[in-house]
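What follows is a set of structures for review.
Look at the two complexes coming up: chain A is in both, with chain B in one and chain C in the other.
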Partner chain A sequence: MSAAQYARLVPKKYRSRTLPKIDRPWRPRVIAWAGPAAFYPNRFYEIDKWYKARIDKPEKLPEMHIIDPANHTKSLEELLKKPESESINIGFAKREAAIKSEKSEGDRVELERKSRHMELKIDIDSVDLENLSVYRHFQVFDHLFGENVFFENVQRLEVDYQDNLIYSGNILTAESTVNRPEVSIESVGNGKGFNTLLMVNLDGNAFEGKNGELIHWMVSNIPDGENVAKGKENVEYLQPLPFYGSGYHRVAFVLFRHSQPIDFSINGSTLENRIHSISEFYKSHENVLTPSAIRFFQTSYDNSVKTALHSLGLKSPLYEYEYRPALKPDQREFPEKPQPFDLYLDMYRDPKEVEKEILERRLSEIKLDNVEEPEWIDPDYVENKKKLPAWLHSKQLERKGVGYAKYHNDVL
Partner chain B sequence: MVSRFVKEFINRNPRNNELMGRQAVNTGYQFEKERASRSYIYKVELIEGKSHREGRIVHYKDGIVISASTKESSIANQLYSKTDTSAALNVGRVLALRCLQSGIHFAMPGATKEAIEKSQHQTNFFKALKDEGLTLQEPAHIEHSYETDKSFTWKNYPLKPTRQDKLDEL
Partner chain C sequence: MLTRSAITSLCTVRQAPIAVAARGIANIPAHEYHIRFDQRVGRKRPAQDVLDRFKRLNNGMWIHAHPGRHKLRYMKDDTWQKTSLYYETCTKEQCEILDKLVTPFWLRQKHYPNDPYSAYHVRHNINSPRVDDRGNFVRERKKVLMDDSTSNRFFADH
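On to the complex of A and B.
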């Protein structure tokens, strides 16, 4: 406030001798804005408050970002690797490998000749496959017996579905598994001991409140060296039931060895009763049962599954893959970056509304079940190109996403 | 009691998404020179060691899944040498058979085209794989779009950088 203003506002009688300072206090405002260092004598450095009596001022080094190379020697692959835990062998010891055969001089000459001419083709069927890492890859042991457990394949088990042999995860159609397979089990005990064969769908449990795997077939107490028919069929054969839309199921054949016949009380009267926890089953017979062989295959839905379910008096459930909800930014009136407005707004449309729109378009063509894609998507291209806004025209021309689904999606 | 199916069925098969073609393939690291070398679900490679030939199937997450090697006596017994070209070829044949027996029908070659052409061993190995029925190409995965998911109502569009974003490159 200036002196003139002061004089105008205050009568002479009341004026003070000196002009009062009634300016707006600006110092605290500056301090608030620039910090307390704003009015220090040297505002560029921290104030040195160290008292003289102190002999030396402690050296204050800036905190550095230190990278200790000792902590960074591992590669990304090593860092991402899961820690390995020791797994327990619940089966028999591994069989000894075949003895190395000595080749005669004549054989070697012949082999060399073939080898040089690239004609040497070894008999690949005689090369046995005992590769446990595949079973780990498919987590077969994990889902059968629990984590960190495995066993070796020590007994030859051949499961044959009309010339479709089961190996370790090969894919079979559900139709080819309608009838029970032919099973041949190697005799390893010179007529002593028994085998128990279990066929389990590891992914087949679709029942509420049930825990475990679906047993499709169980034949117990097969005498060593005998046919499967000689055993007791505890659970009758049922073809694998990979439900519609549920993808590929793993179906495993597990062979157990035991020295004495065992009376398994396993209920398999209905589909729901066939569900048993294999790990619990094994745990309860741990002392007498030893797994000796495993094979598995993968299978997915086809019409034979529906027929089988109907014959059991059940409806065939329809499943649909549920994607994780796609990531999208929150909708804003003014997005930070410029966006194509039509696609941006499409992102936040109600899916039901979109579906309704497509259905209405179909109904307008009065061909609900079999809408045909028109041969020409836009016969009036030149006209529309001039008349319509670009985004609307491109929407009409699009052949992917909603545009494709307009004609190609099933209405369920 | 009427048995009821669950509303949300969970398939525990760890390979299900890969088999159904839903699993997106890794794109590799942005600044890597050969970025494509990391984009695979299964890759097949031949290890040419000093005294052995080994063929492998490597999964992008689980690592080595299947292998066939001249270290196995059942293979080595039938070969003349463990390191010659016909060893590589026969290892390829065995590996392909094992893949098909394990439900693996597609795998990317683990070596570049030039490297395969340069080496007789690699050429014969990959040729044997192909002849036995392994496809050395992986099908593209099914994209998440309106066709597969009704709640995906929009079309993916690339967001291009504006002038403001690239000021330091000007």
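On to the complex of A and C.
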């Protein structure tokens, strides 16, 4: 209260000699000074009726990747170097290639000129494809017979799925491998000796506690120079079964050579019975069996796999990659520093609810067959940029652009 | 006389837009940052500026666009170009002040069809108390009050 107000309110007779100090409301001044948080109910003294006092413990951050330089004295080259031991050839000696005609100096110059002018044409069929580095890269030998083992391709083996020839690691669709392939084996023994063909899926073993590989087809004791049908079919043909979500499977055709017919104890009808360890199988017949040729291809999931599994009386398993949960700070009800609200709240939403929302979105966007999609991600970009809030527009762009797969992959 | 009046009118015409355009953080008209009362109705009037510039989510969080995002964009870096477009959260004190500046009508929960903000109207995995000291829900619609474990089992929205 000011002196003028005091004078107005109090007659002169009753005025005091000095201006009295009159209590003015102090709460708004404290709020102005200390902010509204000054009068929050204190959880230590004024405990609410239903809830116990919660004392916030300090946030415990998970340990990040700590790299201690003392533990990393070796260079990458040293770390990646494999222990030196000579790899063992378990097959036959390499065939000597027929000597091609020697090129004269003039021919070389001409070839070089052609190559420089991009005119050199190479006939693919005449090129020798026996290159074991592909098999090494895919670790085919390692997973078939164990580490540090290899053998040379010395016998020509042609496996043909209706014009889909198998080379080293080419990709076939699972649908094209439904029927058994045509196999032609080169005769190398002038009618003596036998071949045994093995078709193995190196990545097909889905059974826990059973180690080994899935045998899809096994024909043993094929007389040299004869058709595959002349051999004994130990394991009937089953198409490769790359399960959903398990990526590419390596399927190898291995040809063994033996001089006398052998009675193999391998037989399999169900999926579980087909699993055998190839290295153990080879170990038990090491003295009489010699691998002579190998081919492999890769397949991934397809609808035909599902139908095949259903016809076997099984269900098609779905594999999912388990990602690590994202590292995020504890959620604050009101973050101290301004945060982008959509990103901040998205971070803590229930992933199941997010998935549900995506699915609803996709089902609402399911389109007719004859609809032409616009060529651009957002044809009305300029309009939307002005009209929509930026977070919504960027979300829309993401749905059509970077995050396309999330919203448009096959729903199973 | 006539010429003089013409000159003054010209001057006012020239000065008027300058006074209007210079509205920044430094000079916000005083009536805009006060709680105003309508004498005729006898009730609080919401601050129109708050309603224009801020949005209240149903859980009590106020959001606003980044101030000054249109200023000198060309001389700022790429990160800023991106982050300046975000809609930002307010702190607890700011939220409370804004709550006081508007009427209870604007504090009620609003539900619109095809609301792009619909996913953000409820909070998840917050461990602060759900009720205030009077037993009202802080950031949820009104419902039968039950203990935390039961409501966590059956209700996802909190």
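In this text, the second predicted complex is superposed on the first by the 219 of 412 C-alpha atoms of A that agree within 3 Å, B and C clash if a C-alpha of one lies under 4 Å from a C-alpha of the other, contacts with A are read in each partner's own complex, and residues count from 1 in each chain.
As a working rule, contacts are C-beta pairs under 8 Å (C-beta built on N, C-alpha and C of every residue); 3 or more make two chains touch, one makes a residue touch a chain.
Quick caveat: nothing in here was measured; it's all calculated off a predicted structure.
Contact with chain B, but none with chain C, is seen for A:Val134 once the two complexes are overlaid on the shared chain.
In the superposed pair of complexes, A:Glu152 makes contact with neither chain B nor chain C. Using the contact criterion defined above for the overlaid structures, shared-chain residue A:Pro338 touches chain B and also reaches chain C.
Of the two partner chains placed by superposition, only chain B is touched by A:Ile171; chain C is not. In the superposition on chain A, A:Asp224 makes contact with neither chain B nor chain C. Of the two partner chains placed by the overlay, only chain B lies in contact with A:Asp123; chain C stays clear of it.
When the two structures are aligned on the shared chain, A:Arg349 is found in touch with chain B and with chain C.
Once chain A of one complex is fitted onto chain A of the other, the partner contacts of A:Ala326 are limited to chain B, with no touch recorded for chain C. Overlap of the chain B and chain C interfaces on chain A: residues 338-340, 343, 346, 349-350. By the touch rule above, chain C contacts chain A in their complex via residues 57, 61, 63, 83, 85-93, 95-97, 116, 119-120, 123-133, 135, 145, 156. In the complex of the two chains, the chain B residues touching chain A come out as 3-6, 8-9, 11-17, 19-20, 22, 59, 62, 64-68, 72-75, 77-81, 84-86, 89-90, 93-94, 97-98, 100-104, 124, 144-155, 157, 159, 162.
Contact residues of chain A toward chain C in the complex are 35-37, 41, 46, 48-51, 54, 331, 333-336, 338-346, 348-350, 353, 357, 389-392, 394. Listing the residues of chain A that touch chain B in their complex gives 97-98, 100-101, 108, 111-112, 114-115, 118, 120-124, 126-129, 131, 133-134, 136-139, 143, 167-171, 202-203, 206-208, 243, 246-250, 270-272, 297-298, 314, 317, 319, 321-323, 325-326, 328, 337-340, 343, 346-347, 349-351, 354-355, 398, 400-402, 404-405, 408-409.
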